[in-house]
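Below is one structure; the comments refer to it alone.
Just so it is clear, A, B, C and D label the chains in written order, and each chain counts residues from 1 on its own.
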Amino acid sequence: MRGPFVGIIGAGSCESSVEELAAEVGREIARKDAVLVCGGLGGVMTAAARGAKEVGGFTVGILPGSSTQDANVYIDFPIATNMGQARNAVIVQTADVLIAVSGGYGTLSEIAMALKIGKTVIAIQNRFSIPGLKTAQTPIEAVQKALVSLRERSSPTITI
Amino acid sequence: MRGPFVGIIGAGSCESSVEELAAEVGREIARKDAVLVCGGLGGVMTAAARGAKEVGGFTVGILPGSSTQDANVYIDFPIATNMGQARNAVIVQTADVLIAVSGGYGTLSEIAMALKIGKTVIAIQNRFSIPGLKTAQTPIEAVQKALVSLRERSSPTITI
Amino acid sequence: MRGPFVGIIGAGSCESSVEELAAEVGREIARKDAVLVCGGLGGVMTAAARGAKEVGGFTVGILPGSSTQDANVYIDFPIATNMGQARNAVIVQTADVLIAVSGGYGTLSEIAMALKIGKTVIAIQNRFSIPGLKTAQTPIEAVQKALVSLRERSSPTITI
Amino acid sequence: MRGPFVGIIGAGSCESSVEELAAEVGREIARKDAVLVCGGLGGVMTAAARGAKEVGGFTVGILPGSSTQDANVYIDFPIATNMGQARNAVIVQTADVLIAVSGGYGTLSEIAMALKIGKTVIAIQNRFSIPGLKTAQTPIEAVQKALVSLRERSSPTITI
């Protein structure tokens, strides 16, 4: 197996400043030889996958629809779940650790499901107040914290 | 079709004071001839379904596992999704409106998915700060607000 | 829990002679106080649910889409899985035993998944040659064989 | 996107002669620069993924469980669906074309779902009599027929 698998979650459409953060997260994931896992569509997902491909990384897109053609052009391996937003659970289960970049309700559901099953989530430009959610100020810090958490494999100490 | 379908979401194990709130929500749902939809397991789900059955209502339990035998004894119609926590999306899609009773990460994921697709969520003993989430002080108020929202069919005016 | 739960599977559009068979299966399921579980849409599903309602039975429709409004008018309890044809697995897991009325590829997938997990399937107007699949000549015989199989709870003796 | 994506389906445990067929299918898929998609577990799935890795191909494993650790060691990109056998639908949707190597009920369900949505399935050591299912005598013939079908993009002309 390749890996580790770092999930990146965020809105399907967003401002360019958020896209640039996501792209830098994607680049840093690839620089560390981790595999980027995301929802395969637009906004944060496209920007992050683009970043990963710029530095030669691998990208997996777990799509809500029934066609792999829905994936953005930076996705190497699209998965057509046809589960709608229930595919968020598949992203969370497949990723070893997750990084949230800003985001709305969909991202919030992913954070909650990840924490529910004991996975670490690092948020940049965090908009949510959730016990157990960790934060970072920069893409590089976020990826570093994510990869360190995998080595520690510690459960979150604060949960609800 | 019977209905309306009111979803009740909350933790699978909880204090007896929370269970009593859930049971009263269940009773009130049934008194209003609505159908109770829940996750079919313990804690808030058992208490709410028990309440609904006490006054002759119907209960649907959308289970995470593969066997209908997992349902609590107050569930009339168990659905064996075998989807794990992705079944939370099925609860949210099936319910016309949702009432959250306290709850943890799993409940938070359901609130987020419901708001994502424009469904109203009323929270009692609310633990979360989420734009667009409505609150109630009592079970009767929660059910009343839930049913009124169906008549108004208004989209949430505050979203993220 | 109510029950037993008898799944009825078949094509979403079919000839009127097949619809009449399905309706009679639905009536017989309801006469025996069993709950009818189906895919909630047209053809065999509509006819069977109509039959069950004609004699006062309960009907559950496990839908492929995201809206309970997709259900045919004879469904009491619609479930909006939004899983596409993966919802066939949910029908199979939720039903205690299944009756196939004619059918095409979708029905074949349900028969295969049911036999895979050791559930009995009785086929009327059977179009498939599958080891372990049982057959009946009439709706009444099919429902009788289905309910007897639940009492016996024997595993299929021929499998592949 | 990489690709095309060729799905290989078959039993989770099988005789060594079937494993050797599957391994050769995997090798041929990789020689043609296609990506192998499978269920990620044992038997035909392990053998095919091993074959693909022997000649430097990429492998995707769409798992029924909740942990990527369930994947066999030849899977590069494991997807943890936690959907049980409903994951068969995800394999079928994700693959552009499928090759069945022998197989039992699970494989039959995948063949049926694939034909339902108009995808070509080529069977080696075919055990099923299904209208629209194509056959091949050797792994090389199977992969050739699969890839040709993608160029033709013709719908199956015989369906049920």
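Everything that follows uses one rule, which is that a residue touches a chain if its C-beta (ideal position, glycine included) is under 8 Å from a C-beta of that chain, and two chains touch if they have at least 3 such contacts.
Nothing here was measured: the structure is a model prediction, and the numbers come from that model.
Novice: Which is the least count of steps on a path of touching chains running from chain A to chain D?
Specialist: 1
Novice: List the interface residue numbers of chain B and of chain C, divide the shared ones by all numbers used, and answer same when the ratio is over half, different when under half.
Specialist: Counting shared over all numbers used gives more than one half: same.
Novice: Just send me the rotation angle from a CA overlay of chain C on chain D, rounded to the nearest 5 degrees.
Specialist: To bring chain C onto chain D, one rotates by 180 degrees.
Novice: Whole-Å distance, chain A centre to chain B centre, using C-alpha means?
Specialist: Each chain reduced to its C-alpha mean, chain A and chain B end up 29 Å apart.
Novice: Measuring centre to centre with CA averages, how many angstrom lie between chain B and chain D?
Specialist: It comes to 40 Å between the two C-alpha centres.
Novice: So which stretches of chain B touch two or more other chains?
Specialist: Within chain B, the residues that touch at least two other chains are 66, 82-86, 89-90, 93, 117.
Novice: Could you list, by residue number, the parts of chain A that touch chain B in their complex?
Specialist: Those residues of chain A that touch chain B are 83-90, 93, 104-106, 108-110, 112-113, 115-117, 127, 129-130, 132, 159-160.
Novice: Spell out the part of chain A that touches chain D in their complex, as residue ranges.
Specialist: Against chain D, chain A makes touches at 1-3, 5, 35, 58, 60, 62, 66-68, 71, 73, 75-82, 89-90, 93-94, 96, 117.
Novice: Show which residues of chain A lie in contact with chain C when the two form their complex.
Specialist: These residues of chain A touch chain C: 66, 82-86.
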